[in-house]
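Each of the next two complexes has chain A plus one more chain, namely chain B in the first and chain C in the second.
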Partner chain A sequence: MNNASLLPIMALLPFLGALVPGLMIRAGRTACATFTAVPTILALVMLGLCAPDVFRGEVLQIEFEWLPALGLSVSFFLDGLGLLFAGMILFVGLLITLYARFYLSGDDPAGQFFTYLLLFQGAMLGIVLSNNILLLLIFWELTSLSSFLLIGYWTHLPEGRQGARMALTVTGMGGLSMIAGMLILGNIAGSYELTDILAAGDAIKSSDYYLPALLLILGGAFTKSAQFPFHFWLPHAMAAPTPVSAYLHSATMVKAGVFLMARMWPALAGTDAWFYAVGTVGLITMVLGALIALFKDDLKALLAFSTVSHLGLLTMMLGFGTEAAAIGAVFHIINHLTFKAALFMTAGIVDHEAHTRDIKRLGGLRHLMPITFVIAVIAGLSMAGIPLFNGFLSKELMLEEAAHTDWRGSHYAVPILATLGALLSVAYSFRFISHTFFGPVRDDYPAKPHDPNFGMWAAPGLLVVLVLLIGIFPQATVGPLVELAATAVVGHELHHWHDLKIWHGVTPALIMSAIAVLGGLILLALHRPLERLWNAVPRPEAKVIFDHVVGWAVAGSDWIAHKTHNGAISRYLAIFVVSTLALGAIAASGGGLAPATRALLPVPPLAWIGFLLLVVAAIAVVLLHRERFLSLILISIVGLGVSGGFVYLSAPDLALTQISVETVTIMLMLLALHFLPKSTPAESGIFRRVRDGAIALGVGGAVASLTFAFLLRDFSSISEFHLTQSKVGGGGTNVVNVILVDFRGYDTFGEIIVLGIAGLIIYALMHALLDGPAARRLRNWEFTQERSRDRHPMLMVIATRVMLPMTAMVGVYIFLRGHNEPGGGFVAGLIIAIALLMQYMASGFGWAQERQRIEYHAMIGWGVAIAGLTGTAAWLFGKPFLTSSFGYFHIPPIEEFELATAMAFDLGVFLTVLGAVMLMLYSLSRIARYAGETVNTAAMDYDPSQGIRETTEEER
Partner chain B sequence: MIAYALIFAFLCYGIGLLLTLWRIATGPDPADRILALDTMVINVIALLILYGMWQGTAVYFEASLLFAMVGFVSTVAYCRFILRGDIIE
Partner chain C sequence: MLSEIFISALLVIGGVFGLVGSYGLVKLRDAMQRLHAPTKATTVGIGGILCASIAIAWLERGVASTHELLITLFLFVTAPVTANFIAKAYMHRNIEAASLPQTETSCGWAGYAPPPGENEPPSGDKSN
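And then the complex of A and B:
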């Protein structure tokens, strides 16, 4: 088996594993942590299996298609950089699992924690293994989401929730910007595969779209990696439990931005824009972060700003764009991981044991917590960049690069600022060590500090061993890995690789380092007065600004939302039609309209009459709409006119449908109107009426003139295809029906489902309504109307009964011939529905309901099922969904006839329509039962064949 | 000859339509309006049949059949609404 096939499994493992801890927590926290470690260990083993191939210089690749039309594929690859990051993510993930097992208290829901942790780990792993930038973006967003869960893990703390929201907002915005950048990049390179993009570096850099793509992608990377001015979210994310901080801010989340810049190096780096954007931002972040860190009293806040500073350092190195800088950056990624994770865990231990992280309340812990002290000192010295610790080595590489970097012609700007950064870094590192562990033992700690158990210090202990090993034997421990990863970053063989070593001779970097250490110690000695000064100087508070900006955004969105979505449909319609009108006007003013190619047809006088009927009725509805019953009659005229118009303009299918729909609609409206006020009160003022009238006239006129313009011109449409293919491809001569059941069968299938859902929703709504206060109101319903005493006239009962079989026959006839002549399942469903409604109306609800054999719900279900099954049957023949088939049969003595699968589909349509219409009317007519109306059992009030019945209470 | 007869019939039913429209507009009773609407439907049925004869095709026959079959249902519904309020009880 090729090792490349391990990659997708590796990326999936944490996600699959994430399902387990939530269940395993019932077996205790140890079992839960163990099962969290299992997928991590498995993935690490797989990574180990792949590692030899990568070290041989191979790039493992595997690809599955996902959405090829979008250029989105599930493709993974593993090269040196991916190997380094995947290893870090999994290795530290393992340590964090161990640490968290002992850190979390019994009250914390550990199952959730480990689930979130694995989700996050999977997302990170996905980022570093993705070979498709769209896939990478998906994982990128997943890290934002899962880190949100982790940071806000302590949901009872407002700081935790706010920090999580801030992190999500900032990184989410960056993610949006990056999506745009990546799309541009993919467009330039002509592929969304990373390997293709990296190979197209020169084309990308010379493209006009290089700068926007660069800036947008950097927007994503900078927000994720907390670069200035987006650095403010990171310290607030410190409200998370310490294991989360240690994981997110040493090895993973914030390194994702750095990873991205390193990954994109061959495609984007090496230009002036890159240097000034990335290098400058990194430099500012490095110095600023270190400066703030010096004055933070909270241990985790200090470490947070130190992380910001170190991320700035990494960003600056990548910004330099030279090979040596890339080597330094990769090396520092490893070193920062080891000492910073250890330091976070140490801070967590201090917090856990002393119950405070406030540096002002600590001090003298070296005797009380000797093991923690040793770990903190080693890691702290490494962070300060003291020789023999690994932080020193990569800082030397950084200073060396800074020493010969010019910034806009200045030889001194970068070296001086870099030294300043290093100096501040020394100062806060020593402050961390000395103010926490040195000094006199105090007697006012919130709790009595002591070293934790082995489980808790094992992870940071292992990390500081690594700090020392790498610090003393750099080449033997990580040299090959750094070389490999740096090769992957720059995208070609390294030209200037020197083995990593401690002593380089007296170089400028060493001198700068010495200045930094001395200066840092002096600064620490002066810390007290400096702190007073720092506190006296006003500074912008990022959280306040952020909260204000969010507040404004919320207020602005609220304003827009409430102005546009005020709950009145007239408002939505006005916005919609006016903007459409404006767009249409802009389009029309372009003057692209070709001259008319068709002449007007003569209009016979009768058509004028029909036209007059429609216009008069329409205007009358507008004028008289407050009289609801009258408007219904007027609407009927419109319906009649439209149906007649369909017949006249050669659309018999539409006409049939319209005629039956009109009838059903009127019945629905009348049913509803019975329980509604019979007239609409005048609510709107004259201004609104004039304004709305103007809008309506404008839009109506525009649509009319558009239609008119359209009809006067020849155009090609898809109709031609449908007309020629109807018989050949669909086996029917009625094009409309063939389109419905065959060409656009999928649409129809969707529509009948919607219709069925609509029916069920009306039923459900009515059910809920009649269970609520509405039912009480209905029970007290007062019929003010003078009512006729003849509920079910005999004449009507007889007439409708005679009509039933005839109407049913017409329905069947219309259904059967639908494929070749006007008709089909939809119309047939409506006709049968009307036939049944007649019985309801004439013989009464109770009488009709008693004779109902099939539930209307079931009818809808069967209809959709039959249509769906007809569609899927095509699969049995290896055809796509809903492919229809037809054949001609001849069974004497019947004439030759056609059978098409489309007919079964049409049967489904028929049943759904029938069921939905009946269910709607049934639901609405149920209201009356609640208003205290009695139900009849006999069809007629007076049935001559039964003799004269006793008059009952029905005669109300 | 049939052409003249058809034109005459078109004319009559066309005027009929206008008159029913007038009745619907002026009322005065809802019952007047409902009856006028029903008459209007009948006029349209007649016009559809005539139009089919004029064009020499049977394709409009179903439409008029359907009008005839379901058109009265609306009329009944309107009447029940006037008489009883609830159309299905």
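And then the complex of A and C:
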């Protein structure tokens, strides 16, 4: 088996594993932690299997297609850089799991924590293994999301929530910027495969779009890696539990930005723009982060700003764009991981045992916590860059490289600032050690500090052993790995590789390093007066600025939302139609309108009459709309007029549908009007009326002229296809019906679902409404008019009984002939609904309800189910969803007839329509019940046959 | 030729009655009087047209057409109900119970008095 096939499994393992701890939250912390370690260990083993191949110089690759049309594929690759990062992520993940097991208290939901941790680990692994930049972006966003969950893990702490939000906002915005940059990059390179992009480095650098792509991608990398001026989110993310901080801010999350810059190095680095953007930002971040770190009293805040500073160092090294700097950066990534993770865990131990992280309240812990003290000293000296510790080696490489770097012609700017950064770094590292562990033992710690149990110091202990091993035997321990990863960063064989060693002779770097150490010690001695000065100088507070910006954004969005969504439907309609009108006007002014190809047909007097009737009725609705009953009548005239128009224009199907829809609508509206005020109060002023009138006329005119323009021109449309294929392909001569149930069956299927949902929503809304204040209003409803005493007149009841079978017959007839002649399930459903509506109106809902065998909800459900099953039945024959088939049958006594599967589909439509309409009626009757209507048990008010029956029984 | 005259006569009769009915709807004074006018149109008016339709199908094309009978049936069932309801609504809105003559039975007018066998419900009671 090829080892490359392990890559997707490796990337997927943490996600699969993430399901487990969350589910076994009750099994306790140990079980959760164990099951978190399992996928991590498995992935590490797989990585170990792949490692020999990578060390031989191979690049493992595997690709599966996902959305080839978008250039998105699930493709992974593993080279030296990926191996280094994947190893770090998994190795530190394992240590963090162990540490977190002992760090979390019994009250914390440990299952959740480990689930988030694995999600995050999977996202990070995905980033470093992806070979497709779109896939990489997906994982990139996943790290933002999962780190949000991790940082805000202690949801009861406001700092935790705010820190998590800030981290998500900043890194999420960066992610958006990176999406844009990556898309541009993929466009230049002509492929979204990372290996292709890296190979196209020269083409990318010479492209006009190089600069925007570079800046956008750097926007993503800088926000993730907390580079100036986006560094402010990282310290606030320190509100997270310490294992999270140790994981996110030493090995993973913030290194993702650095990883990306290293990954893109062959494609983007080496230009002036790269040098000045990346190198300068890195330099500023390094010095600024170190300066702030010196004056932080919170141990974790100090470490956070030192992380910012070290990330700046890495960024700067990558920005130099030279091979030696790339080697130094890769080496420092490893070293920073070891000492910083150890330091974070140490800070966590101090916090855990002493119940404070405030340096001002600590001191003298070396006697109380000797093991922790040793760990902190080793890691701290490494951070300071003292010889024999690994931090020294990579810092030497950095200073060496800085000594040779010119910045805008100046030989001194970069070396001096780099030395300053190193000097400040020495100062805060020593401060961390001396102010926490040295000095007299105090008697006012919030808790009695002591060394933690083995489980808690095992992970940092192991890390500082690595610090020492790498520091003393650099080439033997990590030399080959650094060489391999650096080769992957620069994208070709290294020309200037020297084995890593401690002593290089007296070089400029050594002198700068000595200055840094001495200067750092002096600064520490002067810390007290310097701190007073620092506190006296005003500084911009990033969180305040951030909160203000967020506040403005929220207020702005609120303003827009409230202006456009003020709850009045007229406002939405106005916005919608005016913008459509504007777009239409722009389109019309484009001048692309072909000259008319058809002449106007003669207009017979009948058409004129119908047209005038429509216009007059429409105007009358506008004038009389405050009288609601009258306007309903007028609306029904418009509906009839439109139906007549359809008949005149040879669209009997539409006419039939229109007329039945009109009937049902008017009936339901009349019933609803019963519970509404009978007239609309005049509320709008003259200005609004004129404005709304102008909008309405404008849109009406636009639609009319658009229609007119269309009718005067010949254009090819899909109608030709429908007309020719209706009989041959769909087996029906009624093209409209064949379109509905066959050609566009999917649409119809969606529409009946929508219709069913609408019916159910009306029912549900009514349910909610009748629990609230509306129910009280209804109970107190005073019918303004005196009500008639005969609610269910005999004549009406008898007539509807007589009509029922006839109407039902018409409905069935319309349904059956639908495929070939005007009709179909929709119209049939409406006709049957009308027949039933009449029964309900004549004899009352209570009486009719008792005689109804099928629940309307069930009817809707059956309708959708039948239509859907008809569609899926096509699968049994290996055809796509909703493929219809038909055949002609001949059973002797009757004529030859046709059966089509579309008919079953139409039955689904029929049932859904019927169910939805009846459910609406039912909802109305519920209102009536609340408004005090009594439930009738008899079919009619006075049944004369009842009297006759009684007399005959008496006579017997 | 003869059939043409016959069909034309039917059409003319139907048309005249339809016109008379519509004219009456405009001309007559109040709703109760106007109720009479459309009855001309719905019976002989539409009836004439429907008969003409049957005659055309039968005499000219030799097909027996029965659709028209169904339409007639629907009209005959619905027209009285419509008229009945219009009259009831009109009475309900415009005529006081006191101005109506006494009924000859123990029950009052439909719509004004409760139906037979049902007592007058206490007014204002809405508690189901």
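Note that in this section the second predicted complex is superposed on the first by the 933 of 956 C-alpha atoms of A that agree within 3 Å, B and C clash if a C-alpha of one lies under 4 Å from a C-alpha of the other, contacts with A are read in each partner's own complex, and residues count from 1 in each chain.
Basically, a residue touches a chain if its C-beta (ideal position, glycine included) is under 8 Å from a C-beta of that chain, and two chains touch if they have at least 3 such contacts.
What you see is a predicted model, and the numbers here were worked out from it, not measured in a lab.
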Classify the contacts of A:Ile761 with the two partner chains as first (chain B alone), second (chain C alone), both, or neither. neither
Please work out whether A:Leu67 is in contact with chain B alone, chain C alone, both, or neither, and reply first, second, both or neither. neither
As a test of reading the superposition: which chain, chain B or chain C, is in touch with more residues of chain A? B
First (chain B), second (chain C), both or neither touched by A:Ala928: first
So, A:Ala514: does it touch chain B (first), chain C (second), both, or neither? neither
For A:Asp790, is the partner it touches chain B (first), chain C (second), both, or none of the two (neither)? both
In the superposed arrangement, does A:Met803 touch chain B (first), chain C (second), both or neither? both
Would you sort A:Asp941 into first (chain B), second (chain C), both or neither based on which partner it touches? second
On the A-aligned overlay, A:Pro822 touches which partner chain: chain B = first, chain C = second, or both, or neither? first
Jot down the residues of chain A that show up as touching in both complexes, chain B in one and chain C in the other. 788, 790, 796, 803, 806, 935
If we count contacts the way the header does, which residues on chain A are in touch with chain C in the complex? 779, 786, 788-790, 793, 795-796, 799, 802-803, 806, 932, 934-935, 941-942, 947
Listed in rising order, the residues of chain C that touch chain A in the complex are 70, 73-74, 77-78, 80-81, 84-85, 88, 92, 110-118, 126-128
What does chain B use to touch chain A in their complex? 10, 14, 17-18, 21, 24-25, 30, 33-34, 37, 40-41, 44, 47-48, 51, 59-60, 62-63, 65-67, 69-71, 73-74, 76-78, 80-81, 83-89
Residues of chain A touching chain B in the complex: 605-606, 609-610, 612-613, 616-617, 620, 629-630, 632-634, 636-637, 640, 643-644, 647-648, 652, 655-656, 659-660, 662-663, 666-667, 670-671, 673-674, 783, 785, 787-788, 790-791, 796, 803, 806-807, 810, 814, 821-823, 831, 834, 837-838, 840-842, 844-845, 921, 925, 928, 933, 935-936
